[in-house]
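Take this structure first; my questions come after.
Note that the chains are named A, B, C and D in the order they appear, and that numbering of residues resets to 1 at the start of each chain.
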Amino acid sequence: FRRRLKYYFMNPCEKYQARRRKPLKLMLQILKMALTTAQLVSFGLSNKMMVGFKDDSRVSFRRLFLEGYKDHRQGSYALYTRSDVNDRVRFIIGQYINLQNLTVGNVAYELVDGEYTPLSVCQKFYRKSNVFPENGTFDIDPCVDEGCLSIHPMQPLHRPPVNLSLDFGSRLLSVSVRFTLKTINLQTVRHHELPDCYDFHVQILFDNRAHSGRITVNLETDVRISECRDWSVEGKSGKINYLLLLFDSVVILICSASLVLCMRSVITGIQLQFEFKLFFHTYFNKAVTWSERMEFVNGWYLLIILSDTLTVAGSALKIGIQTKYLANYDVCSILLGSATLLAWVGVIRYFGFFRKYNILILTLRAAFPNVVRFSCCAAMMYLGYCFCGWIVLGGLHTQFRTPAKVMACLFSLINGDDMYNTFLRMGDKSYTVWLFSRLYLYSFISIFIYMVLSLFIALITDTYETIKHHQQEKSPASQLHAFIAECSEQPGSGRHQTDEEAGSCGCVG
Amino acid sequence: FRRRLKYYFMNPCEKYQARRRKPLKLMLQILKMALTTAQLVSFGLSNKMMVGFKDDSRVSFRRLFLEGYKDHRQGSYALYTRSDVNDRVRFIIGQYINLQNLTVGNVAYELVDGEYTPLSVCQKFYRKSNVFPENGTFDIDPCVDEGCLSIHPMQPLHRPPVNLSLDFGSRLLSVSVRFTLKTINLQTVRHHELPDCYDFHVQILFDNRAHSGRITVNLETDVRISECRDWSVEGKSGKINYLLLLFDSVVILICSASLVLCMRSVITGIQLQFEFKLFFHTYFNKAVTWSERMEFVNGWYLLIILSDTLTVAGSALKIGIQTKYLANYDVCSILLGSATLLAWVGVIRYFGFFRKYNILILTLRAAFPNVVRFSCCAAMMYLGYCFCGWIVLGGLHTQFRTPAKVMACLFSLINGDDMYNTFLRMGDKSYTVWLFSRLYLYSFISIFIYMVLSLFIALITDTYETIKHHQQEKSPASQLHAFIAECSEQPGSGRHQTDEEAGSCGCVG
Amino acid sequence: FRRRLKYYFMNPCEKYQARRRKPLKLMLQILKMALTTAQLVSFGLSNKMMVGFKDDSRVSFRRLFLEGYKDHRQGSYALYTRSDVNDRVRFIIGQYINLQNLTVGNVAYELVDGEYTPLSVCQKFYRKSNVFPENGTFDIDPCVDEGCLSIHPMQPLHRPPVNLSLDFGSRLLSVSVRFTLKTINLQTVRHHELPDCYDFHVQILFDNRAHSGRITVNLETDVRISECRDWSVEGKSGKINYLLLLFDSVVILICSASLVLCMRSVITGIQLQFEFKLFFHTYFNKAVTWSERMEFVNGWYLLIILSDTLTVAGSALKIGIQTKYLANYDVCSILLGSATLLAWVGVIRYFGFFRKYNILILTLRAAFPNVVRFSCCAAMMYLGYCFCGWIVLGGLHTQFRTPAKVMACLFSLINGDDMYNTFLRMGDKSYTVWLFSRLYLYSFISIFIYMVLSLFIALITDTYETIKHHQQEKSPASQLHAFIAECSEQPGSGRHQTDEEAGSCGCVG
Amino acid sequence: FRRRLKYYFMNPCEKYQARRRKPLKLMLQILKMALTTAQLVSFGLSNKMMVGFKDDSRVSFRRLFLEGYKDHRQGSYALYTRSDVNDRVRFIIGQYINLQNLTVGNVAYELVDGEYTPLSVCQKFYRKSNVFPENGTFDIDPCVDEGCLSIHPMQPLHRPPVNLSLDFGSRLLSVSVRFTLKTINLQTVRHHELPDCYDFHVQILFDNRAHSGRITVNLETDVRISECRDWSVEGKSGKINYLLLLFDSVVILICSASLVLCMRSVITGIQLQFEFKLFFHTYFNKAVTWSERMEFVNGWYLLIILSDTLTVAGSALKIGIQTKYLANYDVCSILLGSATLLAWVGVIRYFGFFRKYNILILTLRAAFPNVVRFSCCAAMMYLGYCFCGWIVLGGLHTQFRTPAKVMACLFSLINGDDMYNTFLRMGDKSYTVWLFSRLYLYSFISIFIYMVLSLFIALITDTYETIKHHQQEKSPASQLHAFIAECSEQPGSGRHQTDEEAGSCGCVG
C-alpha cells in the first residue's frame, strides 16, 4: 500500500523510471497547450477584424454627425449656448439625409417593409417647471414627458417641415437623436471568411439633466451582428471554414480527454486518502490532519480541470460564432483567454520537477498564505483610505470621482504612477482641503510604499530562506511524507512494475 | 489582583472563554463601522451631486464669458495685445447682457430690491506712473487707485454709453469684471431631495501687475449655497429626508455609546496602572518603567475615541446640511472621511487576535519607531534638497516654483514619477545651471532611491525576523508580562467568572 | 604542471608579481576601448546628420502634401467624407506641380532620359461588388483591379485633363499617390564631408480596405542614398576623409590583434583542460566534472572575441559607407553599437581583480542562473497573461492590440508605468469585460510586483550572503581550486619566471 | 593625554556632562542654519520675481512676433513653404513698428544717441551654390556671406522700401531678425524694492542650414539687467533695503565665526593625530594605520567649512545684487542653495548623538563605499548601454538624440519612467532595428531593475545587520577606540574639568 501511495506522489520522470511508462499524459498536456494557443491566435485575428471594424465605424459616425468633433475622451464634447444646440441638431439631421453622398463607407439606411426607417429626435422635459432663480422660488412637477419627431430620409418633400423647437430653460432634460444604419464588413472576404452584417443603432444624447449650463453630447452605438441574408462570393471561400470547425472539434476532444483523465486522478486521490485515513487509524491509531488530507487533492489537477472546462465551453461558443449562429465575441474571448492563461500557468508544474526550479515555486506557494493574510490587513487600511479619499477629494480631482476610480488611482500610486499630477491638481480650492489632501497623500504613499511593500519583500525573503533550509535538511514535513519515505526502494528498482496496475495513475502523469 | 490584570490584557476570544461573556462590544464596533460607511456613502452621493453642479457651472461660465477658452489648466489663458484685451472685456459685457437668450442652464441675474444687480468693470492703476524704459527713468507713486463702471442688464437704453477706456501702458494694474448669478440645482428633485439655491459671485480678473506684456485672465467663482425661499414640488419628497435624519441620529447614538465605553476602559486602565505601580513598589520594591506604564493605555481605544468624536461631529454637521441650515460640505466631508478611515484601520485590531496575522501587525508596529526615526534623518536631507531646488531650479521648471511644489515633485520622483520630463525641461538655459541641475537630480535620486529606500526595506526585514524569533521563543518581554504570565490558569478555567465583576471590562471587548 | 595551471588562472597583477611581465595586453584592451568609443562617436555624428536630414524631409513632405496635417502620431490622420478625399488628392497633385515655387528645400523632380518622372495616382477596387447593406445582400468578386493615372510636372498643357473620378462605395479599396523626389544633403559640406544624394520615393496611401467609413491617410517615404554623380567643392575637403579611413583601419588592426591573442588563450585553455583531465585520471583516478572543465574556458575571452568580431565587421562596413559604396547605416550602427557595449561591459573584468569589487560581480554571476531559472517560470505566467490580455482586452485598449504591444505594456506596468490610464481606458464597454479587466490587471500587478519582484530581491540578497560567507571562509569550491591551492608559493616568489615560457599567457593578461 | 583624546571624540552632551560647558557652538550652528534658510527664502522671493518677469516677457515676445505661435516646446514651430517664410518675416517687421500700440506691457525701443535702434534682418547664404538634385550634380563654395537690412521704427517714410528678397533654394542658410527692447520691472515697487531695468536682445532665427525643406523658427532673448538711471518713487522704499544688507552682513559674520572655529578644531585634530602617532610609536612601538589617522579629521567639520565658505561667497554676491552692482542671479542662487543644502545635511550629525538614530546613519556611511564601488561596475555597463543606444536608436527616438539625453532617459527608465511610450515610439522603422530595440530595452531594464537594484538592497540590508551586531557586541573597532576605551572614567566624573583648558574644544561641540 505504501508503494501505491508513493507511486501516486511521483512525478512523470520517476514514474518512467519506476515502470517504464511513457509520460503520455504529459505529451497530451503539451499538445493541448499548443492547440489551445493556436486556436486563441486564430480567434484573436478574426476578433481583431470585428473589433477594428466596430471601432472605426464608431469613430466615423462621431466625425460625421458631431460637428467639430476632435477628441476621443469621454464627456469632453459639450455645448454651452442655445444656438449651438440648435445648430448641432440640425447638422445631424442634414448629415443623415445626405449620408449616401457623404460617407466613404458602404452604410445604408435600414429598410423595414420596403420603407427606410426614419431618424427620430426626442426631447424629454419636466411636465411643469416654473423656476425663478432670481428670487429663489420654484414650482416643479418631477414627472417627465417625452415628445418626438420623425424625419424620413430620401424624401425631399419632407425637408421643409423640420421645425424643431427645443424648450430651453428649466424644462428641457435631454434631447436624443436616434437612427439605425446597416453595413457589411467586406474585409473578411479577403481572409476567406464570410462577411457579417452589422446593424448600428446610433443614439446621440444631448444631456441637460444637471441644468448647469453645460449640455454634454454623447454618441453611443449599439451593434447587432447577424448573418447576411443573401450572398454570393466568386471563388472558393467556405472550405477553410470547415477546416476551422474541424480544428475546434479536435480541441474540444483533446480537452475532454484531458478532463476525464484528470477527474479520474482526483477521484483516485480522494479514494487513496480515505484508505490512508483508515490505514493510519487501524495500524497507528493516529488521526490524520486536514492539511495532510488536502495533500491528496493535487491543486494542479484542479487547475487543469478548470482550464479544460473553460476551453470546451469557449470552443463550443467559437463554433457557434464561426457558423454565424452566435455573436457574443466578448464571452467567448473571456472563456478562451482565461483557459489559455491557466494552461500556461499549468506549465510551471513541469518546471517544478527539476529541483532548482522547485525551490522558487515552493517559495511562492509557501509565501502565498502569508501574503494573502497580510493583504487582508493592508486591504482594511486601503479601503479606509479609499472611502476617505472618495468623500473628501471626490470634488477636487477626477481620479477620485467614483470609488472604483479611487481604488484604481491609489493602487496605481503605490506602484509608481504619475504622482506629481495628482498633487498638482488638488492645489486649487480652500486651504483646509488642500492641507488635508497633502496629509492624505503623503501619509498614504509613505505607509504603503515604505512600510507595506517592504513587508512584502521581508515576507518573501524570509520564506525563501526557510524553504532553502528545509530542502537542505530534507526533513519530512508531515506524517504522510515520513510514512512514504520509509519505503526506501529507488524508483528504478522495478518493483512498482509488478504489483501495481498501470491504470491507477493520474492524468498528466 | 493578578487575575484582574490578566483579564484586562485579554482579547475578546479569551474573555469569552474565561467568563462566557459575549463580545457585545465587538459587535457594537462592527455595527458602528457598517453604519458609518453607509452614512459616508449616502453623504458622498449627495456631495457628488453638489460638487458636480458647481464644477459644471464653473466650466460653463468659463466657456460663456471667456472667448476662445479651451484648456482647463491654470494660467494658460493669457492676452498679449491691447485690442485683444478690449475685445475680451466687451465680449464679457455682451454675453452678460444677452445671457438669458444664450445659456442652456437656468441662470438668472440677482434681484435686489426689485432691480437686477449690475455687472461692474473695475480697473486698478498706479496714481502716477511715468515710465520711460528707453532711457531707464521713471517717476512712480505706488499708491493704487480704482475706477469702476456699472452695466445693468435688461436695459436696452443703457447699451450705447459703454465707453470703456483702459489706460494701458505702465499705469494699469488690473481689470476685474464682477457679477452675481443665481441658479437652482434641480437635479436633486429626481433623487427625492430638496433643491438648493446657489449664488455664484463671478470675478474675471485681467492681471497686469507684472507689466511683462502678458495679461493672464482668470475666472473665479465664489459659491454660496442657501435654502430656497419658496418652493412647491408635486409628489412625495420630504419623507425620505426624515429617514435620513433618523439614520444620522442613530449613528450619533451608537458612536456616543462606543465613546463612553472606550473612555471607561481607558480610565480603568489608568487606575489599574496606579494600582500596579503601588503593588510593585510595596511587594517587590521595584520601580515601574514608563514604557510599562504606557502599556496600560491601549492605543486602539484612543483611535476609536478619536474616530467616534469625529463621527459625532461630522454627523451633527451633516444633519445641519441636510436641513439646509449649514452648507460647509468641505468640513463635514473631512470629518466623516477621517472618521471612516480610522474606523476601518481599527478593524485591523481584530485581525491581530489571530496569531498569524498578529506577527505582521506587530512587525509594522515594532518597525514604526525606527522608520519614523530614520525618516527624520532623511527629512533633513530632503528639506535641504527642497530649499536648494527651489532657489536654483525655481526659474527653470514650473515644478520647482513654490516650496510646496518642490516637496511634492521630489517626493514623486523618489516614488517613480516621470523623471525624463523633469530632466528634459531643464535643458535650455545657461550651462552652469544645466550642469548643476544634472548633479542635483542624479545625486538626489541615487541617494534616495538606492540608499534611503533600501534602508527602509532593511529595517522592515530585520524587524520581521526579530519579531518572528521572539514569537518562537515566547520570552516575556517586560516585568509586567512576566508578572502576568505567572498566573498560570487557562482562560477557560472558570475562575475569572467568580471573583471579578463583569463591568470592569472595556469598550470593544 | 600545477604551476602552469596556477599561472593560467592568475590575473594580470599577480602575473606581474610572478614574472615581472608588463600587462601589455591589458593596455591593448584599454586602448582598444578608447579607439572603439572614439570611432563610435565619429560615426554617431555623421549618422545623426543623415538621420536628421531624413526625418526633417519626411516631416516637410507630410506638411507639404497632407492638407491640415498637424500631429505626428500614426493613423490619426483620417478622412470621413467623399469630398474630403477628392480635395486631398487634388491638393497633393497641385502641390506636386507647384513644388519648385513652394518648398524651401532644394528638392527636384527625378529626371529619367531627359524627362521628369510623373506623379501617378492609382486606385484599387474589387472587380465586382454589389453590396446592399439595407437588406443584407451582396454579390462580390474578391479579385482586385488597379487603375492608374500619370500627371507630369512642368507641362502646363496637361493640367486640364486631370479628371480624377474615384469610385466610392463598396468597390474602392485604396487610392495611392506615388512620386519620386531627389535632393542633396548639403549640410555635410560644412563638416568637411562629401554630400550624399538622396532619392525619396514618396507614397501617399488612402486606405479604404475596411469600408468602415474611415479612410486613413499615410505618407511613407522610401529613401535610397547614393553617391552624387558630378561635384565640385571649393576648398580643402577630401583630406580629412583619408584620415578617417586610416583611423578605421587602425581600429581594425588592433581589434584583429586582440582577437588573435584571445583565441590563442582560449585554445591554450582547452589544451590545459585536456592535460588536466588526463593528469587527474592518471594520478588520482578521479573524473573531472563538466563544471570544472568549463572553468578553463574564460567567459571574458569569449566576450572579447565577440566584441572584436563585431568591431571588425562594423569598421569594414563603416569604410564602405565613408567611401560612399554602401549606405546601410542601420546595420553598421548595430554592429558598432553592440561592439562598444560589449567592450565596456568587458571593463568590469578588471574591477574584479580588486577583492571588494569582486564580491559584487561574483554575486551577480552566481545569482544569474537562479534569476534565469526563475524568469522562465515567471515567463510562463507572463505569456499566459499576454495571450489572455491580447484576446480579451485587445478590443478595448490600443495598448493591447498586438501581442508585441501587450508584452511591452505588461512589462512596463510591472516596472511602474502609468497604470491609472490603463485602468481608465477600459472603463467603457460591457460590465462583464470591465469586471474581467479589473480582475486581470489587479491580479497581474499584485502577483508580479508583490511576489515575483520580491523573490528576485530575495534571490540576490541570499546569493550575496552566501558569496560573502564563502569568501570569508576561503574554502576551495572545487577539486580544481583545491589542487591549485596546494601550490603554496606566493606569486612574487620568482619561480614562475624560470620554468615557464612567456608565450603561454593569455590575451588580455 | 588619553583624557584629551577622549574629550576630543566626545559629543556635546558628553562634553556638557564632563565639564559643564554649555554647547555654545551647537547653538551657533543652529542659529546659522535658521539665518541661512531665512536669507535663502528672502533671496528666493526676489529671484522668483525676476525669473517670472523674464519668463513672462519671453512668452509675450513669442506671442507678439511669431504668428500663430501656440506651443512652448522647442523646435516644434517650423515653416515649410516660401510664402510662409516671407509672411512671417513681414509680420515681425509690422509688429515691431506698431509695437507701442500693440503691447500691454511697458516695452520701449532702445534709444542710442537720441535715435531709436533699428530692427535688422540678416540673411546668410553660401557664396556660390549651384545644385541640381535631378541629376545629382553640384558646384558649391562653402564660404558664407551675410547681407543685412535695417528697419527703423517711428519713421513712417521708411515703410515703403521694405523690399525684402530672400534667396530661397540651395543658397539660403538662415534669416535672422534682431532687435533690442527695453523695459522696467515695476512689480518690485510694490514689495518695497527698487525696480530693475531690463534690456532684451531678441533674435528670431529662421534656420535653413539643413536644406531639408523645413525651416525651424526660434526666438531667443538675451537679457541684461542693469540699474535704472534716474528714478523717483513716492513713499518710504529704500529703508528696508538697508535692513536686508544688515541681515546679510550678520549672516556673513556668523558664518565666518563658525568657519574659524571649525578650522581650529580641524587643526587641533591634526595636531592630536601627530601626538597620537608619536605616543603609539614611543610606548607601544606600533604603527598607526591610515584609517585611524583619518578618524582625527572629522568629516562633519569639513562639511561645515564647505557650507560656510559657500554661504559667505553667496551672501557677498547677494549684497552685490541687492545694491544693483551685479546681476548674476544664477551663480548666487547656486552658491546659496548648495550652502543651505549642506547646512541641513549637517543637522543629521546631531541626530547621530542619540544611539538609535546613530545606527541608521552608521549604516548609510558604512554601506556608502560598497555602494560606490558597485556603482562603478554598474556605471561601466550603463555607459556601454548609453553609447550603444545613442548610436543605434538615436535616429528612431528623440529621447536618444544626444548622449546626455540617453543617460537621462535610461536613468529614468530604471527608476520607473513611462516605459511603454519608449517601446511604442520605436515601432516604425526596419524590422532589424525594431528587433534590436526590443532586445536592448528588455535586457537593459531586466538587468538593471532585477539584478542591480536588488543588489543595492542586498548591500544595505547586509550592512545594517553587520552594524547592528557590532553595536550589540560593543567591540572596539580599532586600536584608537580600544585605547580611548581604557580611560574608564564617566564623562560626568568631573576630572576633565580640572586638567584641560576649555579652548581645546572644537567648533560645533
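Keep in mind that, in the parts below, contacts are C-beta pairs under 8 Å (C-beta built on N, C-alpha and C of every residue); 3 or more make two chains touch, one makes a residue touch a chain.
Because the structure is predicted, anything quoted here is derived from the model rather than measured.
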Fitted rotation between chain C and its twin chain D in degrees, CA, nearest 5: 90
Chain D against chain B, contact positions shared by both copies (same if over half, else different): different
Centroid-based (C-alpha) most distant chain relative to chain D: A
Approximate Å spacing (C-alpha centroids) for the pair chain A, chain B: 34
Rounded Å distance, chain A centre to chain D centre (Cα mean): 48
Per-residue overlap in chain A, given as positions that touch at least 2 other chains: 416-418, 457, 459, 461
Parts of chain C lying in touch with chain D, wherever the complex brings them together: 37, 40, 43-44, 47-48, 51-57, 59-61, 63-64, 74, 101-111, 116, 182-187, 189-190, 195, 197, 226, 228-235, 237, 330-331, 333-334, 336-338, 340-345, 347-348, 351, 356-357, 360-361, 363-364, 367-368, 371, 375, 399, 404-405, 408-409, 411-412, 415-418, 453, 456-457, 459-461, 463-465, 468
Parts of chain C lying in touch with chain A, wherever the complex brings them together: 78-83, 85, 128-129, 131-143, 168-170, 172, 208-215, 369-370, 373-374, 376-377, 380-381, 383-385, 387-392, 394-395, 401, 413, 416-420, 423-424, 427-430, 432-433, 436, 438, 442, 445-446, 449-451, 454-455, 457-459, 461-462
